[in-house]
Each structure stands twice: as C-alpha cells, then as structure tokens.
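Here it is, the structure in full.
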Amino acid sequence: MLRSKADTLLLVLDFAGTYIFAIEGGMAAAHGHLDLFGAMVLAFVTALGGGIIRDLLIGAVPPNSIRNWRYGAIAFFGAATAFFFHSLVQEVPASLLTLLDAAGLSLFAVAGAEKALEYEIHPFIAILMGGVTGVGGGTIRDLLLAEVPTVLRADVYATAALAGAGIVILGLRLKLPRTPVTIAGGTVCFLLRMVSVWLHWSLPTVK
Amino acid sequence: MLRSKADTLLLVLDFAGTYIFAIEGGMAAAHGHLDLFGAMVLAFVTALGGGIIRDLLIGAVPPNSIRNWRYGAIAFFGAATAFFFHSLVQEVPASLLTLLDAAGLSLFAVAGAEKALEYEIHPFIAILMGGVTGVGGGTIRDLLLAEVPTVLRADVYATAALAGAGIVILGLRLKLPRTPVTIAGGTVCFLLRMVSVWLHWSLPTVK
Amino acid sequence: MLRSKADTLLLVLDFAGTYIFAIEGGMAAAHGHLDLFGAMVLAFVTALGGGIIRDLLIGAVPPNSIRNWRYGAIAFFGAATAFFFHSLVQEVPASLLTLLDAAGLSLFAVAGAEKALEYEIHPFIAILMGGVTGVGGGTIRDLLLAEVPTVLRADVYATAALAGAGIVILGLRLKLPRTPVTIAGGTVCFLLRMVSVWLHWSLPTVK
C-alpha cells in the first residue's frame, strides 16, 4: 500500500521532469527558429533521449518511453506549451527555470542509476548510466542544433548528476533502505547543481 | 499466391526507395566535398538510418538492413551512382527528384508504422516510428555534415510522413483490410508532400 | 593453455587500443576547450563508441563496454592522462601517435569483424561492422565537437579498416586458421594506413 503510493509519487515526479525537460527542448527549438515539428522533436529528445540511450545500452528494449505512450504525449504537450505560450514561458524567471531543471536532472540521474542496477549492470557503469539519463537528452538536443553540447563545457551539471547517481549506487550496495538513499542522492545532485550555479563553480579546463 | 506477389512488389518498392534515398545521400556527400568513402557512409545512413533507429527502438534487433545484406549493397550502389555519374544526376530535373523523394518518404513512413504495430508498439508511438523511418536517415545525414537537420525547419516533410503513418495506423486499428489502408496512407503522404512543395506550404514558427 | 594465452594477449591489446583512443579523445577535448567532464565523455566515446554501435547493431546487448567496467575505467584513465599531462602528451612525436592510432584501428577493425561473424551476421555486413568498430568512436567524437567527421573526408583511414576486416572475413570464410588470418588482416590495415600517411594517399572526391 505504502509501496504503491511511493510508486505513484515516483511516476508523477517522472512525468513532471519529462514535462520540464520537454519545455526546455521546445524553447531551444523556438530560439533556433525551428518550426512546430522541430519543437516536437527537440522536446521529445530533450525529455526522453537520455532514458532511451540508457535503456538501449542496458538492454531494456523497447525503451520505457517507446513502451509507454504517456511519455511521448507529455513531451509533445511540453513542446506545445513552449511553442504556443512562448512569450509567457520566456517571462518565467531564469532562477526558477534553473531550479526546475536541477530538480528534473536529479530525478533522472537517480532513477537512471537505479534502473541500470536493476538490470545487473556493474555499479561503476550504473553511475555512468545515471549521468547519461540526466544529460543525454540535452546532448542530443544540442547536436540537432549543430552546437557543441553545453554539458561538455558548462559548469557543474553532469558532475552533479554523477554525484547523485554515485550516492544512490553506494547506498544500495551498502544495503541501505531504498527510499532514503534515493532521496539523499537526488538531494545531493540538486544542491550541488544549485550551489554551483549560485557560486559560478566550474570544472577545470586545460589552460 | 496473390499475397506472395504483393510481398514481392513491396520488396521491390522498398529496394527502389532505398536506392533513391542513397543517391540523395551520395549527392549530399559530393556537395560537402567528401570522398568516396564519405559518399558510401552518407548513402548508407540516408537510406537505412531511419529504419535502423526504428528497429533499435521497437526491439527488432539486429535491424533489418543488418540482417539482409541486400539493403547495404543497394545503398552503396546508390552512392556509386551519385559519385561516378555526379554531373548526370545533377541534370535530373529538381521536380522529378522531389517526386521520387516524396515516393520514398511515403513508402518508408507507411512501412515503418506497420512494422512498429507488428511489434506491438502502442499506435501513437507507431505513428512516430513511421515518421522516424521516413526522416531519420536524412537527419543523421545532416548531422554528419554538421548542419541543423533540414527536416526540423523545412516545410511539410515530416508532417506528411506522420499523416501517412497516422492513416495507416488508424485504418489497421479499425480492422480495415491492409492493402487499401497501406495505399491510402502512402497516397496521403505523397500528395501532402507534393502539394506542400508546389504551394510553398510550411509549418508555423515562433515569430 | 595456448588458447588462453592468446586470449590474454588479445585482451591486453584491446585494453591498449582503448587507452590510445581514449587519450586521443581527451586531447580533442582539450583542444576544443572542454572541461574535465568533457574530456571524460570524449575519451569514452572515442575509445568505446565504435564497439558500442557495432554491438547494438548486431544484437550483442548490453554492449561489451557496458558489461565489462574495465573498458570504461581505462577510457577515463586515458582522459585523465590527456587532461593532466596535456603538455607532455603534446610532445609525443606526431609520427608515433599516427603509428599507435593505426595499431588501435587495426585491432578494432579486425576484432569488430570477427565478433559480427560470431553473431551470424552476413560476411558483407560483418566487414562493415569491422569498419564501424574502427571509426565509429572518432565519428561520434567529431559530432560532439560539431565538426564534420574527419573520417568522411580524410585520406585512407576507414578504407584501411575495411580492407583489414575484409581479409579477416575472407580468410575465415575459406576456413583458414583464425590466428594467422587475424594477424594478416590487422597487418594489412596497419600497413595500408601507415603507407597512405607517408605517401599522402587519399580517396577520390567529386571534382
């Protein structure tokens, strides 16, 4: 009963994260002067691309978002939101968008690492799969816009995803209970991301 | 007997569509000043990339064009046509190329949607798979040329593929007979594409 | 016993090739002004991307480098080498780097073709899979840097991989013993690549 409530909450959070990422994809399409179809594609890949790559790599085929039509529908709903309420979405404060994006990233990273572990992937690779789930969609989006993926040179973004995924994998390997471990991993990812934005942290580059 | 004749016709059409798309890929390579190997790669991905992505996503592994060597051979034959008869191909009227391309698109979109349905993919996602089959190859081709895929901002192209796929899925769900449904879907895709070219239709963009 | 020694040698060679390719990926990241995470990603995809694409296409899922965490660890070790010893690596003579890269290419091409054949892929496609294994990683690396993959327009690189893979497939189809066939294929790829660099050979392009 409790388990079922937790599952429902997770699904709702997953849908919410998908919607946030889809809006970001749709906004990127609008900025790139793509048409409505382009917005749908960018929303779809931004929201679901990371999970699809993860599922292909861990052998969970067909991927979750191909199996369950609701994810695609939510992605297109996000595209429509970004496309038809473009000027409205642009008025959303950047700090709120960053916060929502960090929440989505945390969710995807943690859930992605847990799913990889369920498919008996080695813990080290499972952490990477958490990272892929979090940043894979944005990477494909940037590629489709013929840009170097921002995640490859921007500040602490993927690193936060990997840190959150790492905590989850560590906790589960230590047989700690799933729920607090999941929450701890997501919180670390979220806080690391937000603090790094506020303090303008970034990773070292070769001088 | 009749069934077998229809199957043979479908295979011949599939090979013809592959050849057309491969020539387009080879021509794009020539324009991008790639070498003969580049032409082979671009022909291969343009002609077969969409179907490969669809097959990976719906779990039809190895993909059809990896299972059946004839597709690859036809793609390379198309590359060679574009490469060695480059000036000849360039003299083909643009309107004829558009027509042949629209025919290939219709075929791929319809066949892709039907295959997804056979693999028990949800009808809504099956329509998307039809679109992916139609435009996926050209998208990878553009990415390899470091360009924003034209399908994301050009006129009514993917939309035509989705419309044709949608009609097929709708018809099959209504238990209408397969052959007329397939022909209807392909025809709608083809006409929508051709009319949109003639009338310079395009999808809305954010102003 | 002998077999086991040969297997160990192959694994060591495979790890060595992975390390070389990873360093190249990390160097590309440094030149592209990516951060440490970007270097890790580029090292990973350069070293392991070709094998991952091959495994997804032939149905060997999860791919080898997802199954075996050592490959990812070696890739990150290569990234760290390129990142932290950047100026040192840059002092390595270009001719030595070309030689090591050609050795890695030969190894990947030959091993990739053999694996495809083991998975009952048609010999013609198995040769292509050898080529994909050899050049796929560098192709993704270039895409992530928003550049047209050099392999599509540069000299005899993929062609050498295909030639080596072709000899292996031909030899195995003729039931010749595996070890000399593998060595012959790798040697042809290696020599063809090195000679083409020294003599500035390149494939024809459309004038």
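We just call them A, B and C in the order they show up, numbering each chain from 1.
Convention: a contact is a pair of C-beta atoms (placed from the backbone, for glycine too) under 8 Å apart; a residue touches a chain by one contact, two chains touch by 3 or more.
Computed from a prediction, not measured in an experiment: that's the story for all the values here.
The chains in contact with chain B and with chain C alike are A.
Where chain A touches chain B, under half of the residue numbers in use are shared by the two copies, so each contributes mostly different positions. When the CA atoms of chain A are superposed on those of chain C, the rotation angle is 120 degrees to the nearest 5.
Centres computed as Cα averages put chain A at a distance of 31 Å from chain B. Shown for chain A are the residues in touch with two or more other chains, namely 56, 61, 143, 146. Every residue of chain B that touches chain C in the complex is listed here, in rising order: 29-30, 32-38, 41-42, 52, 56, 61-63, 66-69, 72-73, 83, 86, 143-146. Here chain B touches chain A in the complex through residues 56-59, 61, 119, 121-122, 124-125, 128, 139, 143, 146-149, 151-154, 158-159, 202-206, going by the rule given at the top.
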